[in-house]
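In the two assemblies presented below, subunit A is common to both, partnered first by subunit B and then by subunit C.
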Partner chain A sequence: MPSTAALTPGLSSFLKSLKTNPIDTSIDNLISLLKRRQIRHSRSCATATAYLLLRVISACRTSDAGKLIERVQSVGRRLIAAQPREMVVGNIVRRVLGLIRDEAEDDREGDFTLSEAGSESQPQTPRATDDPSVHEGSDRSLSRPPFPTINTTPISMFNLLSHPEPQPSLPGTPVSASPSGRFPSYTPTKDIRAEVLDGIGEIIDELGQVDDQIAAYALDHIHSNEIILTHTSSTTVQRFLLKAAAKRKFTVIHAESYPNNHEATHATVSGKETGDDEIMSTESFQKPLIALGITVILIPDSAVFALMSRVNKVILGTHSVLANGGLVAAAGTRVIARAAKLHQTPVVVASGVYKLSPVYPFDFESLIEYGDASKVIPYEDGDLVDQLDVQNPLYDYVPAELVDLYITNLGGHAPSYLYRIVSDHYRKEDISF
Partner chain B sequence: MSAPADKKPAADPAAEKLSGAELKKKAKAEKAARRARERADRDAAGGTPGPKDGAGKKGAGAGGAAGGKDAGAGGQKGQRQQQRRGSTQGGPEAKKRPVENKNVAVFGHLYGQPRRTSVAGAGKEVHPAVLALGLQMRDYVVCGSSARCVATLLAFKRVIEAYTTPLGTSLSRHLTTHLSHQITYLSTCRPLSISQGNAIRALKLEIASIDPSVPEAEAKAALSEFIDSFIREKITVADQVIAGSAAQKIQDGDVIVTYAGSSLVKQTLLAAAREGKRFRVSVIDSRPLFEGKNLARTLVAAGLDVQYTLVHGISHAIKDATKVFLGAHAMTSNGRLYSRVGTALVAMSAKERAGGVEVPVIVCCETVKFTDRVALDSIVVNELADADELVEVQAPQQLTGLPDPAAAAAAAEQETKKGGKPNQTAHSGQSAAAEFPTDASPLANWKETPNLQLLNIMYDVTPAQYVDMVVTEMGSLPPSAVPIVHRMSTNM
Partner chain C sequence: MAPKGKGSSKPRGNATEEVEETLQAVVLADTFETRFEPFTLDQPRCLLPLANTPLLEYTFEFLANAGVEEVFLYGGAHSDKLEKYINASKWRASSSPFTKLTFLKSTSTSVGDVMRDLDGKHLITGDFIVVSGDVISNLPIEGALTAHRTRRAADKNAIMTMILREAGRNHRTKSSSEMPIFVIDPTKDRCLHYEEIDRHSPESSRLNIDTEIIETHQELDIRQDLIDCSIDICTPDVLSLWSDSFDYQTPRKQFLYGVLKDYELNGKTIHTHIVEDHYAARVRNLKAYDAVSRDIIARWAYPLCPDTNLLPGHSYDLRGGNLYQEQGVMLARSCVVGRRTVIGQGTSIGDKTTVKNTVLGRNCKIGKNVTLDGAYIWDGAVIGDGSTVHRAVIADGVVVGNGCTVESGALLSYGVKIGDGVTVAEGRRLTNAASEDGHVPASEPAVVGEGGRGYEYVPEEDEDDEDDESTVSSGLVYNMANLSLSTESISTLSSEVSGYGGSQAGSYDSSLSDDEEGDHFVHDAAASVYDSLREGVTPDVVNLELVSLRMTANASDNQVRRAVISAFMKRIQQLMEEDNQHAGDAVRSIFKPYREIVERTLFDRATGAKPDQVDLLVLLQQDLAQRPRGDTVLLFAAKELYELEMVEEEAFEQWWVDERSYGSEEMKRVRSQTQQFVEWLANAEEEDSDEDESEEESEEESDEE
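Up next is the complex of A and B:
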């Protein structure tokens, strides 16, 4: 696998080059990767963006919040212009901007209450409550469900314990290259940059663990002998189902999502490796459901309606989630959700919070990306290619009323509640930066 | 017969010929194994009382496993017999035979005899025209409800022409049983369509009504005439009438969405195009048959503006649609549309569009496709196609992609181990998967993968409320009128 990763540019080669290349080269590199759609999974995009911003901020030789914000904004704008439909990039940029603003505000407050300045992460808890909890959960055990948002007033023991070891949470990240402002808590004006870098490290941690955190809720949603329909090869959904499969027996009907994702789907259901190195991360090396004794029935997308009357629950992955509770997911999701609604089958969407975008869609059409037409009509049918208008939409917009439940790493939410989570995670001033 | 094959495997033409014979024998053995398995399955299913959700499923699973084992044993028996007879069937294949039952439990009732693979074993009374037609239908060369109906009737016409009444019986009595053999053969190739069933019923009725005193030649001529007029009235002319009246529904500037490849929809669109109407067509297609491709090709050739997408693009295609035209496999008596799988998704999308504007859904259907059966879901009544059709066949190796020499050597070695067996076709699937793990589809050997099932159903049932109008040769009706029209047309 490393050989293929080196050959085709993608997430892994980008992350590798990030350490050695100068900042501007890295930015251009990511922009071209996004433009060429060589990074296209939303988590890969998020990870790449987070690491890039980490590097950008660590290279920024200033501790002035205004300048940092400006720098991140300019980089963010360029990234978003490269792939405007990839909302995850914007989400990560906004979260980083929010981090900087929080730190700057805390800093100002900190001038007055110096007694509290010793604590590094505490001041940011009122807003980014989930981040510390995420962080701590990871340090201890991966399987532990994260703390729900509400009861996280993390002045608990965990916080005390996690203090002396902020470094292990970011192993091998470029942040270690800039240890200059590591423990600035004793200086009266603490280094915003270090705080922000820590925050980004937490975001990166969150990206790494989000699937496990979502999977932790699996047993709350899947009962024995259920028939579950899913679509595409989403690793989040697979992880979710695997977690449930460890305890319960059920049946999975898997629509193959032809033509854009069927190869990965086939590989997922049969447990064979894919040639796609982008999703070839450590997470994808997981057992297939069939190895756990779960019966998996692979069907063409067209058979969804016919089988829906037998399905108990539809569990879908998504590309990004919008503030109104609608989602942008792989093409074909909308008819599946529609058919499920018609049969009164609950539709559950599993998605990390990082996919939750503050964008409120007025023009759904602008969110949809169209893909390679040769996947629909191969070039063997040359005569047709010339004369037909071949359409290969990559995404569908699924309105909120078709979704019954969202499961994020913070728990289950009704679609109508999502705007609240949005306002928890992004600051108003960053929504359109 | 196969003994010479061992002696001179190198002689190509001889090997070719004999391999054909061997294949036939293998098919026979496979059929025997399949029969055994089915019998075992049936026994097992009979043994488990009342398949209720929880415990029943477990029982059925166990029964299936047992059946599978039986089948494995049967298969091995077959292999052994063949080996005794001197055939060089590979031993490893017998071991690889799936032990697991690959039938999807919900559709258990639809797994009957698998489709016939060759003409081997067909009764000698089956007419060559019917033999050929059976294979054509199995391979979807003759595909589509009306096409199959017409082809069957034409084949039966030849059967009747070639038929002579044996001594001691009358034509009206014996010809029906003679036709029954043909029908049985056809139905082993692919389950008969509703239209075929209706046509056959009409034909049998006609045969039964022939006076025994009528001379044979005269009776045969009358039957030929009946078949011709049936095709003409029920299908050819009916199609023209339907195409004509459905084309009236198309207006300038319309965007017509259609699904898969209905011949009647094609005629309708071509008729409208001939009338000089300007409209756009959006063809939605589905795997694995890709019937819409042919439709799109024809429409493009007729100069229409055609857009083409697959099932995943339904909601995009429907967005600017103004009308949906659908073909039918059958219309059930409760007004539901029984058609190619995926049709229901298109009809549903048309009716539940986000803007709240409903797109009219128009079904084009001859009355010969009406049936008195009723259907509530797509599970009780359906047809299962071979699940292997879902496994993507890789394009043949490109010119540059010469086979890996190491793999070739391995294959050669394997071949010599097997005693230089000339035909490797039986193994090609597995060996390809083993030798080119990156090239072969991950599903290539799904049958050996435990717990993985593939389901390839042919039809689904669209609820009546999604259908606004059924255009038939008797006029345009609401779906609720189907049983009335069916009664009228059968009583006539």
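Up next is the complex of A and C:
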């Protein structure tokens, strides 16, 4: 604790303090960090949210799914209100909610597929911190055998009925009122928390591995002697290009994304450390592309159109991806996508699934954050400051029709297919919680 | 903690050790200036809302951002309200980023007192940050802190680092009345000299740099383009310095200036950290309030924007064109909400109303056909149908009736109510606050209209030497420096006519010694008049010069009189000594051609009481008390004044019985000779009244003469 004292608070100090601080303090702490933009960028926000929810759930002294859901929802609502434009916060909360629901349903369904249940419960026992889980493990093994026989018949019927059930805020219902008290001794003792915590652990692992997983597809998309145009200092894209660079020679044109990201972009190109906050600290330092013998051309954003005719492929990073296949990405992305469209150049977006949000951009203006005006004109210039309204949007909305392909950690998808991934990852009832 | 020497040999280790020190901050909630009156009559200054968030929130946000752990908040005026607010705020909650938030009440009347008090309490353990409760900044302080600590590790005498923001030649956020000048050695970031230049007074437009500074430093930056946001990183030594020099009151004008001046004596150095990015400003007066509000709305201070929702419960949302709107706002279909506007929850805006560049608090009611431009309207205010508000500040719960016009720079404080169809003139300050004795002065229907509530607030002119700043800056209430300045001086003039001079004359003796700035004016004006007398310039020209001097210094009539009298007497004395003129001739040769100048300083001809004329005579007497043969000159001067009809006989009578004129031995001595004249006057008057009572007295007298 004291060692974080004089540091400007950020993701690392938050994660450190998470262990020692009481849970409510941590929630408020994250809210103010989000508000102050001391935790920004999708990855950091997602990590912070996941770790916070991990704490929230492990601190919850209930194994009742309804109560857990309620708790996570209330925390999630506050986090989202703090910074609605960091959509990954909502994504992570939704996924955790989905996890809880899954576990709750698995419960009721009574693990009729032994293999699935087994694979899930095995790692859970050693990891669980609370005593009950240990007992419960033995409990369950005792009580498991009868279920398959009892449960197989009502399962499909039950499924139909139970889906809408968790939605109304009747915390007790799914457990006590449903499968008609046939195994009342079973449900309360079973601690779904441990499994949810496991699930969150998996999400955190996913956040750590997502870049590598995406990069694994690099060789399918980047071919020798191609000219690739990219934008911003997105680590996902850099990793992607580096992976390809290990095997192939190609040329990268890098638009500098002035004024909000140009310093980081320059640093990425030249391989110098930015000394910049947590994006760097969470990433292992990577060699720049030029170290691998790749020609990198740094261009101002204004030159994008002129060079587009020579580009074979545009690879973009993103801030978040929306359910309709559109994306919210660093300002300037839309210009690039549009230029690419005009020149029939394929646009590929590399993004982790965690950035995929079930939100539809009905009002995409409201998704765009406006940043610091002094990045555009210096604040010292008193006359201009007095007379101008300066707008510095941090993000652009790129409609789905300008994107040709998404590469996520699950593989490549057409924009029109994203709704499928959304429905795989998020429960319908959590989309607007 | 390991000794510094070991630390410096291993810079990395040093850094981590230093980091373990808890960072403390002292917040001065009250800066002991009167620049937010009349609002500060009801509320502590740091709780005034800026873009609907109290100023203090921004300051705490800045400290939380900087990673400060312990905060000492010094309350000044209205500290009970402040304490209540703090106790209910999120900063006291368990989730507060501050591990300790101490509220200290004090009876201090200056920043100096606070610092000395703090020194006495032994609360400060290490380096600490001093900010005033009106700082707004998104600056990460790390850089400055590291710089400060490395400097300190190298040299124990580097006691303080000031954070200054670069801001070009003209900038709305810079203070416009006084201009801080920093003389800096850029190689060491050391501040060598500091001075404040008052832009509106010609006599201080000079910078006095010690020649030694110029000789000993190869490189010097003289900078006036800096916003001094009063964020200082101090070491505990600073406190002991404050304690050592018990007469320091202000952190810059006296402390900084003094410490730099006494460098030879104490060897302490003060450094600067000039930042070229990020936002840092202080809401030091209402003009800055306007500027900073606009900065925040235009997202210069990002992420400190309304849509960051610093206060829990706020739900501002950014729409296009820097329009921030909370949920639950009721807008009529035909109203026009323009750019750069903030609208709080529960506010309703009526049909055909136009709103732009405006901050509207929560639960305001804006009627139909209202025009708001550049207004700051705080929570719960009501603006009636058809009214117009232009660049004014309207406080919580103010009611403005139908068809009113609130002009630029008007300030309507808490609880004021304006009747229908009233025009609140430019720069007017209205309040409904209870005065010091606890009762609320009666409303002035002339100002607030029929059924209105509130009275005009007239700033006190106390004789603090800081006062000239505050009067100037409160005169500058808003933008348009020159315009407001001129209205200010005109209003002083008019209020002086209505008996103001009396109170000023009453405090004369104290102002003689205390009023340094006044002395400046008197000195300069007297010198100028004296030169003119010697050169025989025409009275018109002398007058013009006097008026311009008086306007720029905003001098009172008493000061003008003093200047005139002292110049006249000096010249008379010179004529008597050098040209061996007779006292009577000398007096006549001066007073006769230049009588217009004297007459221009007197405004009480038509009234019964003659405070101005009496004042003139007292001044004359005082001046002559210090001059050789003063008694003779006084007699002749009195006679001359009487003969030239500059001073009426009632004034002589009043003067004679005025206690100031026989207050001391010297005064008695100098007026002894004049006794016969006064007696004669009294007799003459008696005869006059015997002869003919109806005839006008002055005519009679001059006939007799």
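Heads up, the rule we're going with is that the second predicted complex is superposed on the first by the 347 of 433 C-alpha atoms of A that agree within 3 Å, B and C clash if a C-alpha of one lies under 4 Å from a C-alpha of the other, contacts with A are read in each partner's own complex, and residues count from 1 in each chain.
By definition in this document, contacts are C-beta pairs under 8 Å (C-beta built on N, C-alpha and C of every residue); 3 or more make two chains touch, one makes a residue touch a chain.
Quick caveat: nothing in here was measured; it's all calculated off a predicted structure.
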{"item": "Contacts of A:Ser366 with subunit B and subunit C, given as first, second, both or neither", "value": "second"}
{"item": "Touched partner set for A:Thr295, first subunit B, second subunit C, both or neither", "value": "first"}
{"item": "Which superposed partner A:Ala81 touches (first subunit B, second subunit C, both, neither)", "value": "second"}
{"item": "Which superposed partner A:Tyr258 touches (first subunit B, second subunit C, both, neither)", "value": "first"}
{"item": "First, second, both or neither for A:Pro9, with subunit B first and subunit C second", "value": "second"}
{"item": "Partner chain in contact with A:Lys35 - subunit B first, subunit C second, else both or neither", "value": "second"}
{"item": "Which partner reaches more residues of subunit A (counting touched residues only), subunit B or subunit C", "value": "B"}
{"item": "Partner chain in contact with A:Asp381 - subunit B first, subunit C second, else both or neither", "value": "both"}
{"item": "Contacts of A:Val269 with subunit B and subunit C, given as first, second, both or neither", "value": "first"}
{"item": "First, second, both or neither for A:Ile23, with subunit B first and subunit C second", "value": "neither"}
{"item": "Common ground on subunit A, meaning residues reached by subunit C in one complex and by subunit B in the other", "value": "380-381, 383, 389-392"}
{"item": "Complex contact set, residues of subunit A against subunit C", "value": "2-9, 22, 24-29, 32, 35-38, 81-82, 365-366, 370-374, 378-383, 385-386, 389-392"}
{"item": "Residue ranges of subunit A in contact with subunit B within the complex", "value": "225, 256-260, 262-263, 266-267, 269-272, 274-275, 289-291, 293-307, 309-310, 330-332, 334-335, 338-339, 342, 368, 376-377, 380-381, 383-384, 387-393, 396, 399"}
{"item": "Partner subunit A, residues of subunit C touching it in the complex", "value": "16, 18-23, 61, 64-67, 69, 90, 93-95, 97, 140-142, 145, 165-174, 225, 276-279, 295, 298-300, 302-303, 308-310, 315, 317-318, 320-322, 339-340"}
{"item": "Subunit B residues touching subunit A - in the complex, by the definition given at the top", "value": "53-54, 57, 104-106, 286-288, 293, 296-297, 300, 305-317, 340-342, 344-345, 348-349, 352, 354, 377-379, 382, 390, 392, 395, 437-438, 441-443, 446, 449-457, 459-461"}
